[in-house]
Amino acid sequence: MHLTETEQAEIAAARDHSVSTRRATVPALEAMLFTPVPVLDHGFVRVIDYMGDDAAVVQAARVSYGRGTRKVSEDEGLIRYLMRHRHSTPFEMCEIKFHVKLPIFVARQWIRHRTANVNEYSARYSVMDREFYIPAPKHLAAQSVNNRQGRGDVLEGDEAADVLGLLREDADRNYTHYEYMLNEDRVDPDRRGLARELARMNLTLNTYTQWYWKTDLHNLFHFLSLRADRHAQYEIRAYAEAMLAMVRAWVPASCRAFEDYRLGAATFSATMLSVLRQMLAGEAVTQADSGLSKREWAEMMDTVGR
Amino acid sequence: MHLTETEQAEIAAARDHSVSTRRATVPALEAMLFTPVPVLDHGFVRVIDYMGDDAAVVQAARVSYGRGTRKVSEDEGLIRYLMRHRHSTPFEMCEIKFHVKLPIFVARQWIRHRTANVNEYSARYSVMDREFYIPAPKHLAAQSVNNRQGRGDVLEGDEAADVLGLLREDADRNYTHYEYMLNEDRVDPDRRGLARELARMNLTLNTYTQWYWKTDLHNLFHFLSLRADRHAQYEIRAYAEAMLAMVRAWVPASCRAFEDYRLGAATFSATMLSVLRQMLAGEAVTQADSGLSKREWAEMMDTVGR
Amino acid sequence: MHLTETEQAEIAAARDHSVSTRRATVPALEAMLFTPVPVLDHGFVRVIDYMGDDAAVVQAARVSYGRGTRKVSEDEGLIRYLMRHRHSTPFEMCEIKFHVKLPIFVARQWIRHRTANVNEYSARYSVMDREFYIPAPKHLAAQSVNNRQGRGDVLEGDEAADVLGLLREDADRNYTHYEYMLNEDRVDPDRRGLARELARMNLTLNTYTQWYWKTDLHNLFHFLSLRADRHAQYEIRAYAEAMLAMVRAWVPASCRAFEDYRLGAATFSATMLSVLRQMLAGEAVTQADSGLSKREWAEMMDTVGR
Amino acid sequence: MHLTETEQAEIAAARDHSVSTRRATVPALEAMLFTPVPVLDHGFVRVIDYMGDDAAVVQAARVSYGRGTRKVSEDEGLIRYLMRHRHSTPFEMCEIKFHVKLPIFVARQWIRHRTANVNEYSARYSVMDREFYIPAPKHLAAQSVNNRQGRGDVLEGDEAADVLGLLREDADRNYTHYEYMLNEDRVDPDRRGLARELARMNLTLNTYTQWYWKTDLHNLFHFLSLRADRHAQYEIRAYAEAMLAMVRAWVPASCRAFEDYRLGAATFSATMLSVLRQMLAGEAVTQADSGLSKREWAEMMDTVGR
């Protein structure tokens, strides 16, 4: 992660500035505010602003007049109840805003989550930075043989070196040509320069972009349940995990409930429940007579530790 | 607007509590926080929380690292540009949360705006208050003769007294029967009490409910452009106007741009623009040869002050 | 369910009309089109239009050029895979439109599902029908003692008669006064008539309203998973069940996957999964040392049939 | 636009298949169904399915039981009224589904419209086609000097040839390396092949992708009002214009209302309205004393033909 001196100074200035507020405030998240947390080789995620805390979830659920005088343990009990019974609206009452720097191909997965507000750096209006994502060797995975959208083992030796070389050279050359076509400030006075909105098309999908992304806690949990999951592509999961750490600081009780009831949970289909009841009753059940496909059976046995 | 002593104490306690924050903070809105502003006879609207300010709109539009060092006038210029050219996403970067007490028939209009987060007081779970909206005499309008969904002149004399009497008696009687059917705390030990989720159906549509309602600035402007409009039903417009005053305190530059380019603006259709060009060229145009319907012609002449 | 002769004739005319189309068409749903299915005492739900079928889910998931030549069993396999792994977007490619007549208090629960398109009959513009929901005796439930938002046993004898009488009389009287205040067509020439948008506030919450409601299959499944659930209030569940029968006719494979993986499924939290693994390993586990609350423990034992 | 023989056969088969339906059907759109309309050099847009027609807008606005017996002219009058007064929900009752092939940088602009359903071809799961957008010479615009996000004149001569050569070579080389890294079917048995989800990052932003995109008529109009506008980037405008032609065939009355009241319309701010009233009253107004900025003044004079 590289920041210019100006950017560092702007962040430092924002962190230095404190004022008084009557709003719900979370010291643990205040401590993190504005500071970029590095993700991947040149990316980051940082919290720009937030609204609400655990008590705000409770306050909205009760439509109450004040912050309440109940014990923290009662609030946590209610939060767990709300999460368990899929009451989503109280969690929508907290909001968070991130500034994220991320490769374009990750941004394209991310944007599929539509219930969020986004302002992306505009390559129609501005010139992109010369920064590309190149996987660390341990993340340079081969195509999985079994799973069409999965990764297999890590590439090694010549093949790895070969791939890394190509990724680097192609991104770099294309960026150089991008800059050349732009001819910003008419460095070459004999050329007029291609429109920015056209020149950008020469960039590769690992070029870094950045955006402001704002969402509510319920939709953030949904995002994290899909993107912090082990089936998510590593590159987006790296962002999800950095954000999950921030959410733990922000709304610890809600996040505990989320990790217990959603992230670490498993759903059993009606057919699986029937198998489970038989197993608990001591009956022998086999995949063949279970009504489950081989893959489902394997997934279920994996989940119940058999 | 009636608040119990407990409610008043909760609000006072919330207002008394101040802490330090690094977040964007707006003193003029902090001064209003939590205090209910009366609307209609028993309703109110109060700000519970907010995120962002005018500078946050600018910061998101620029995807910048800090709060910026530009002049306030440059920021206002950008805000006006964004509003004029319908760039909605920067305004989505500000968020506000209200607590509103409002008659059910108003809530039913309001909820049609779907891009918001809502937690309503639950009549399945809790008992509703004995509070109904009864129009002030000056708002007791007759049905408009020309406009099927509009109001005409105000009812007077016996008819007014008659109507007010019926509204009061019916709401009151139905509430009394609601309470009777509920038989809360088994006041009458010989009856079991009807389920709350059923008993509520006896209430009238002017019964007050309350909710937490949270939305972003872009969608709030959309709400206000429809509900602070003179064609909106008076009862919801009263809320919109109270909220507009809060928005002016919160994001003054954005609100000025909104009032200029949206709330006080008028849209001319392609046909109207053609009429307008003829008029400005000094040509005589009549409704008959304008291509506009009589109603459109009248609306347009009204807008241009002819 | 009462329909006027005109309404019946309009429905019959719509059903009589057939034309040729190249679009995905489902004969089993065509057979149901436009016919109202009665729900509660005066309500109904009917399908007005639909887009797509099971094959359309598959076609979108594959972003394919045609309807495909694969076997139906392969399509069902893919549909089950998509449902199991929470791939929601392919199910969003089917759309359905309903016309629903329902009590206002049910409409208020229903509208909380925001990802849908709604056109409701306007009581600002038109006069409401004299129709109210009165529960059948077997649904006249007492308030649950254990569950603040649940129902207990059915009221009987005098208390039941008493409640039904009050509900009927209050709704009826309030409607009579509504009509009186409206004074439509100036039946009484000496009164001007209260504006419709005001008079409606005298109506009770069991008054029937109606709307066109349109949503995609993914969001419909979400609606059904919450509203066809046994914890949903009976009155909205009655609609959900009528709609579920229509969905079974429309997209049978998707609906089977939904009923297996969602409606009939159960989610186990991380803590519950740990308990489950102990139980399957033959270890004795008690609520006290499970990490689960008493209520969670009871819910889990109920689910696994212990 | 290149289609394989299989794709052509699939489209032909879909077009050959006709069945009977009771649903609202539009012959003019049926005639277009499934046929790809070429856009840019290798892209296309084609209609896959639709729900509703002009009468469905009217039917929903009236919450009526049948298709209605009113005259077409009355329906058009209502549609114009709804559009003029920003009644959006009746237009949400029509839905359309497109299959679009488009360059990735266009897809990234398009996806900012969040109120739509999308299934994109997955480069995690499948291999992308070797197809890139290369602008036609007449669209190879220089950067605008006045407008940071606009285009100036067209590049010519050597500079044009130079740019086109770079765009072609870079896209082509990067694709060749993409294929090489993938090593699909282990063409080279000594290499394992990079995971598809990683290899894709080497592709350029002018690579074509494709998706199914489904939205309702109201949101489609909003999309078209922004993307068929002359300020939109040419490459996305080309798609918007192809789609607008389809919408004209589908819902002619709604589309006429849209083109009159939205696409061809202009909005005057409160300040502009005041200027306009002065001008119509024959008063001399200058930019300096108008309250408008120079740019606003120029835009307004341009609109009114002065």
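To keep things simple, chains are lettered A, B, C and D as they appear, and every chain counts its residues starting from 1.
Rule of thumb we're sticking to: contacts are C-beta pairs under 8 Å (C-beta built on N, C-alpha and C of every residue); 3 or more make two chains touch, one makes a residue touch a chain.
Everything numeric here is computed off the predicted structure, so don't read it as measured data.
Over half of the residue numbers found at the subunit A and subunit B interface occur in both copies, marking it as a same-residue contact. Rotating subunit C by 180 degrees superposes its CA atoms on those of subunit D, with the angle stated to the nearest 5.
Rounded to a whole number, the gap between the C-alpha centres of subunit A and subunit B is 35 angstrom.
One finds 29 Å separating the Cα centroids of subunit B and subunit C.
Across the assembly, subunit D contributes residues 89, 112, 118 that each touch 2 or more other chains. The part of subunit A that touches subunit C in the complex is made up of residues 77, 84-86, 89, 112, 226, 231, 259-261, 263-273, 276-277, 279-281, 293, 296, 303-306.
Residues of subunit D that touch subunit C in their complex: 3, 6-7, 9-11, 13-15, 17-25, 30, 33-34, 48-52, 56, 59-61, 63-68, 89-90, 92-93, 95, 97, 99, 117-121, 210-212, 214, 216.
Contacts from subunit D toward subunit A in the complex involve residues 103-105, 107-108, 111-112, 114-115, 118, 122-126, 133, 135, 140-144, 148-153, 155, 159, 163, 166-167, 170-171, 173-174, 177, 180-182, 191-198, 200-206, 233.
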